[in-house]
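There are two complexes below, and they share subunit A, which is joined by subunit B in the first and by subunit C in the second.
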Partner chain A sequence: MRFTIAREKLQEGLSAVTAAVPTKTTLPVLANILLETTDKGIRLSGTDLDIAVSTEVLADVETQGSITIPAKKLAEIARELPSAPVKMSSAGEQKVTLECGRSRFKLLGLPRDEFPSFPTVRFNESWRVRSGDLQKLIGHTAFAASTEESRPILNGVLWELRPERMRMVATNGHRLSKMELPITSEGAPSGDLIVPPKALEQIRKLFPAEEDLEIARGDNHLAFRSPFTSVFTRLIEGPYPNYEQVIPKDNDRVALADKNVLAQSLRRMSIIASDQTHRIRLAFNAGMLKLGVQTPDLGEAQDEVPINYEGDPLEIGFNANYLIEILRYMPTDEVRLTFKAAERAATIEPEGWKDDARYLGLVMPLKLID
Partner chain B sequence: MAESHHAPPRRILLADADAFFVAVARLVDPDGAGKADLLIVGGERNSRGVVCSASYSARKFGVRSAMPIARAVRLCPDALCVPIPRRACSEKSREIRRVLARYAPIVETASIDEWYMDLGGTEDLYRGESLATTAGRVRLAVQEATGLSVSIGGGTSKLIAKMAVEAAKPKPGTGATGVQIVERGTEAEWMRRFELADIPLVGPKFQERLGKLGLRTVDDVLQHDLPALTRWLSTSKREALWLFDRVRGIDDSAVHPGEQAKSISRDETFAKDIGETAELERELLRLATRAAFDLRNDDLAARTITVRIRDFDFRTRQASRTLPEAVISDRVIFATARSLLAKLRRARRVRARLLGVALSSLAPYESSSQMTLFAEMQRPDSDTERDRALAKSVDFVRDKFGAGAIVPAGLK
Partner chain C sequence: MPIIPLYGHEALRARLASAHARGALPPSLLLHGPRGVGKQRLALWIGQMLLCDSDGDRPCGACRHCRYVLDLAHPDLRWFFPRPRLPNPDPRTQDVLDDFVDAIGERRKSNGLYSAPGGSEALYVATVRAILQLASLTPAMGRRKIFVIGDAERMVSQEGSDQPANAFLKMLEEPQADTQIILTSSEPGSLLPTIRSRAIAVRVPPLVEPASRSFLGDPVVNAALDRLDLPASLEQRIELMEGAPGMLLESADRAQAIAAAREFLDAVSQGRAEWSRAVAKMSAARARGFFADVLDAMTVQLHARLRGAAGRSDASRVTAIAHSIEHIEDAKVRVDGNVNPQLLGASIAREVATWSLS
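And now, the complex of A and B:
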């Protein structure tokens, strides 16, 4: 194998794949990336077995071949090289020579056969999605997925693809976030996919917003493809719980509040809230929201936030952190909160959002004990 | 800061509630237990429990703590037997601690009825009064605020305070006043009256090893120098030095503030090694339900559950799991302990001589009551409302009728 590549191109390829390379692994070859020559240049691939990323960059290939080399070291070298053509060649299976200007490196690799093969996914039945739309959905929902191991299904983000819309939903069983966008993806089948948030996060960072992505499903995998880069991720097996059933339709008490003022007050109150439950008490009255917290062995605090509320007075308890977090992702300055009763789900939505997306946050209350 | 060559002597007190469980039982039931001179606390008369504490009069019949109730009743047939008023005991214990904290900057709860107090730096505050005078005032204040009496031992270390408190107890006929302070400089002399077994942390095994060397009393050890002790106690230099210091009344361990136990544990050494997994699980259930009961009695919840097993060949192994939230229920604690036991047994399936369950990462119990979106998705490793209600009812029955009154079906 022998090729010449611009330093910038090498770096571009490396930055795409190294995010998928695990920092700690029991399988040594996973700390390496796979380098293969193609018709137009070279293909770099990295994987941690959950996610695999593969990208092609232009290079001048003299002789074909492939090898795996330590990802971290190669990335560090590429960063420190002068801006000049990089010549790489391999003699035998395990030795790579890299030359750039007057610098010269010899790296030990591992045979190509040891590198895991990527899942096969056929793109004949695929969806086409604009990367920017996907970034928007991921950025507003993935945070709400569960990080606990006890319910694996909730560790994933539900991604519903329909001919005219796509939607992402994530929940940990106590709070939920949901966003929906209109799309046109003609001829594609409907699909419900449960995707690990880590993979979605990679996809959000990897593809430029204006790029169109092709997405296809394999047996247990999902593949994302742009002209030069592919990402594969493991799918979590369903079924996802029936979330639509728990989204309240008859919440008749509505409050409008300034997002930042409310979030600031919640953060102040949460200092005194219990480290275990983060319990705070909200009392909605006409025009005024009273926040209170009382924690045995610590103390108590109260605050007031002017709001637009005309319903019957309502007292309701929450985990302050859930509210603070959802507010952080709300795209508007004003938010709309709806309630039914103290033991029923509350919703939070952006107010006056000029966007064709629809966004909803949902939080289950904490029971208040007197 | 000027260098001080002579730190002021430490001023340590140990307050020990007199016949604590008996006294609390009398307080909560003035017409029954309150009037019984012969009183045994631990369980109902015909229960299978053990004696937790007995009144001084009942002790004269030979009744001792940890003795089965049935045997205690045979020794002292006229005694009134009552269950441990656990909640009242926890409350009274906290009340006493609060009083002590008014007098000492640092109070360490050593057990439900024993507290170390470090009065370091209070010399000026108490205008140079003697430690005995301060101890006397503390004693009166506790009596007045809680209706319970404490005896107080004191001196320059925790060891000396502990070794003095027994002599402070106002038992009939001893002439003790409830306060015993060992003056500075007389510690070594004070220690000479004791057997090594009286020193805290000198357990049965250590006693046996010392006995083989002909060392039974403090005086026995005082005759030998450190090199000789080190040679004999070949296990470690530290152990020899530790003993060398203790018999001279030297102990520089600090009084640690804080009132919570770091862990609650129950273990059992079997009369005969157990090889059957089913039988071990039954023992585990017994231990887990007891530990969970103790946990709830202290109004605590635990996040970490540990199972410890000692194989027939004395190899000790343990496995732990930390749950996403603190729990109190028998169900979750046992289910977690059981899967840990299964893990230990998968690694090595041999006869076991000891099994233990420990609950740690303790925090004051708070019912979180976070409501969930999906009813069917209640986490298997967290308490449900039903678990909590069940635990409360079970504890109520046990408080009223004794620990053996209600047990899991698997233990019948």
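And now, the complex of A and C:
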């Protein structure tokens, strides 16, 4: 194998795949990336067997071949190289020589055969999605997935794909985030997938917003493909909880509030809130929201926020952090909050959002202790 | 360097392979039998058989899946066993998995030859949470995921601490269709009844003599045994092994336990001050493992003394020693609950002193 590549191109390829390389593994070859020559250049691949990333970058190939090289060391070398063409060649299956300007390195690799093969996924029945749309869904929902390890199913993000729309939902059982976008993916089957947030985060970072992606499901993996890059991820198994039954349909008390003013007030109150429950009290009155918090052994605080509210007075408790987090992801300056009663779930939606997407946040209330 | 082959158990292997071929292999198995007979190695073999993609006999030993299993590196065959508690009191799944990368690395380095876990090693709740996390994912390479849980009775780390076992129960109650669970235990009675009832029990017998000879004929095994303080002759080693290769690996530990038991019984016969010192020398924790071995050795030594007293027709001493043996047997039951060894030691010393001082 022998090829010449621009240092920037080598770095571009490496930065795409090294995030998938594990720091600790029982399979030593996984600490390496696979380098293979192609018709147009070289393909770099890395995997921790949960996520696999493969990307092709332009290079001038003299002799075809493939080898695996320690990923971390190659990335460190590429970062320190001068801005000059990089010549790489391998003698046999285990030695790679890298030359750039007057610098010269010899690295020990491992044979290509030891590198696990990537999952087989057929793209004949695939969904087509613009990467920017996917980034929007991921960016607005994945944060709400549970980080608790007791219910693995909630550690994933539910992704519902239908021929005319796609929707992502994430929840930790106390708060929920849901976003839906129209798509046109004719001929693609419907599918409900539970995807680990770590994989979604990689996908969000890896594909430029303007790229069109093909997405297909194999037996055990979900695959994303653009002209030069492919990503494979394992999925979380099992039925996702029926979140629809938690989303209230009859919340008849509506408040409109300035997102930033409300978030600032919540942050102020959360300073005094209990470290365990983060409980605060919200009292909705005509034209005014009164926020209050009282924590034994610490103190108390009150604040007021002008709002547009005309329903009956309502006192309700929340985990301040959940409200702050949901407000952070609201795309409009004004938000719409809806309630039914102090013991029922509240929803938060963007107000006046001129977008094809539909977005909803939900927070379960906390019982107020008098 | 791959782990050593599985020796013996041919009839059992044939039964399991036949059940798999008929699609009748239960999704949850409990391999039980005497300590050291190779239950966990057999479990790994079952996993290899299930993952092998050869068109011929499985496991073929040559395909990529087989090679990964034999290198203890297959991402779909997860092997868990008792480990010391991690320094972080509430470790994350990644901490547990990193610890197992090291532990598996050690077992790979010793070609899959290892001795029984120490007394404080257990399958703690963080380990079970990690298992549940891995079980929730689709397989990485194969068609299914296999979880081998060695010394599964250690999910109850001590009497009353059954949180890990109860967490694991969820996985047994609602197994994924692509998941095979293989528990192993030499003390199945110590498993929660709810776990025992949800796994199909398969008895793993000691190795028959030809299999023992094959095991001892393996050069890798020989090299490992030569590093231990063992008799050199093959016949003596076969006798010492009693069909359980693991016991041979533990024989150095057993010799230590025999010496500790003798020292303890001698101290008890020398008066309260001596036996107090002997009790204080015992560990304040870790009843399982070494302390359990010491109790076994005490029983053997008291039986010898009982035979001596019977030979002298000393009926009252025979009765007293028999009473002490019964007391130690009770203590062994408490050891399963990981009761403080010093408390048990004091109780035994008081009992033995009633006759050994007179």
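What we mean here is this: the second predicted complex is superposed on the first by the 367 of 370 C-alpha atoms of A that agree within 3 Å, B and C clash if a C-alpha of one lies under 4 Å from a C-alpha of the other, contacts with A are read in each partner's own complex, and residues count from 1 in each chain.
We adopt the following convention: a residue touches a chain if its C-beta (ideal position, glycine included) is under 8 Å from a C-beta of that chain, and two chains touch if they have at least 3 such contacts.
All figures in this text were calculated on a predicted structure; none of them were measured in a lab.
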Subunit A as common anchor, with subunit B and subunit C clashing or fitting: clash
Subunit B versus subunit C as contact partner of A:Asp356, first or second or both or neither: neither
First, second, both or neither for A:Asn155, with subunit B first and subunit C second: second
Partner chain in contact with A:Asp39 - subunit B first, subunit C second, else both or neither: neither
Subunit B versus subunit C as contact partner of A:Glu80, first or second or both or neither: neither
Touched partner set for A:Asp250, first subunit B, second subunit C, both or neither: neither
Which of subunit B and subunit C A:Glu164 touches, first, second, both or neither: neither
Where subunit B runs into subunit C (options 2-10, 308-316 or 380-388): 308-316
Common interface positions of subunit A, toward subunit B and toward subunit C: 150
List of subunit A residues in touch with subunit C within their complex: 24-27, 49-50, 116-117, 149-150, 152-153, 155, 196, 219-221, 234-238
Residues of subunit B defined as touching subunit A within the complex: 324-326, 363-364, 366-374, 376-377, 379-381
Touch list for subunit A against partner subunit B, complex: 148, 150-151, 154, 171, 173-174, 176, 241-243, 246, 274, 276-277, 279, 296-297, 317, 319, 343, 345, 362, 364-367, 369
Subunit A contact footprint on subunit C (complex, rising order): 64, 68, 71-73, 75, 92-93, 98, 101, 104-105, 108, 129-130, 132-133, 135-141, 143, 167, 176, 178
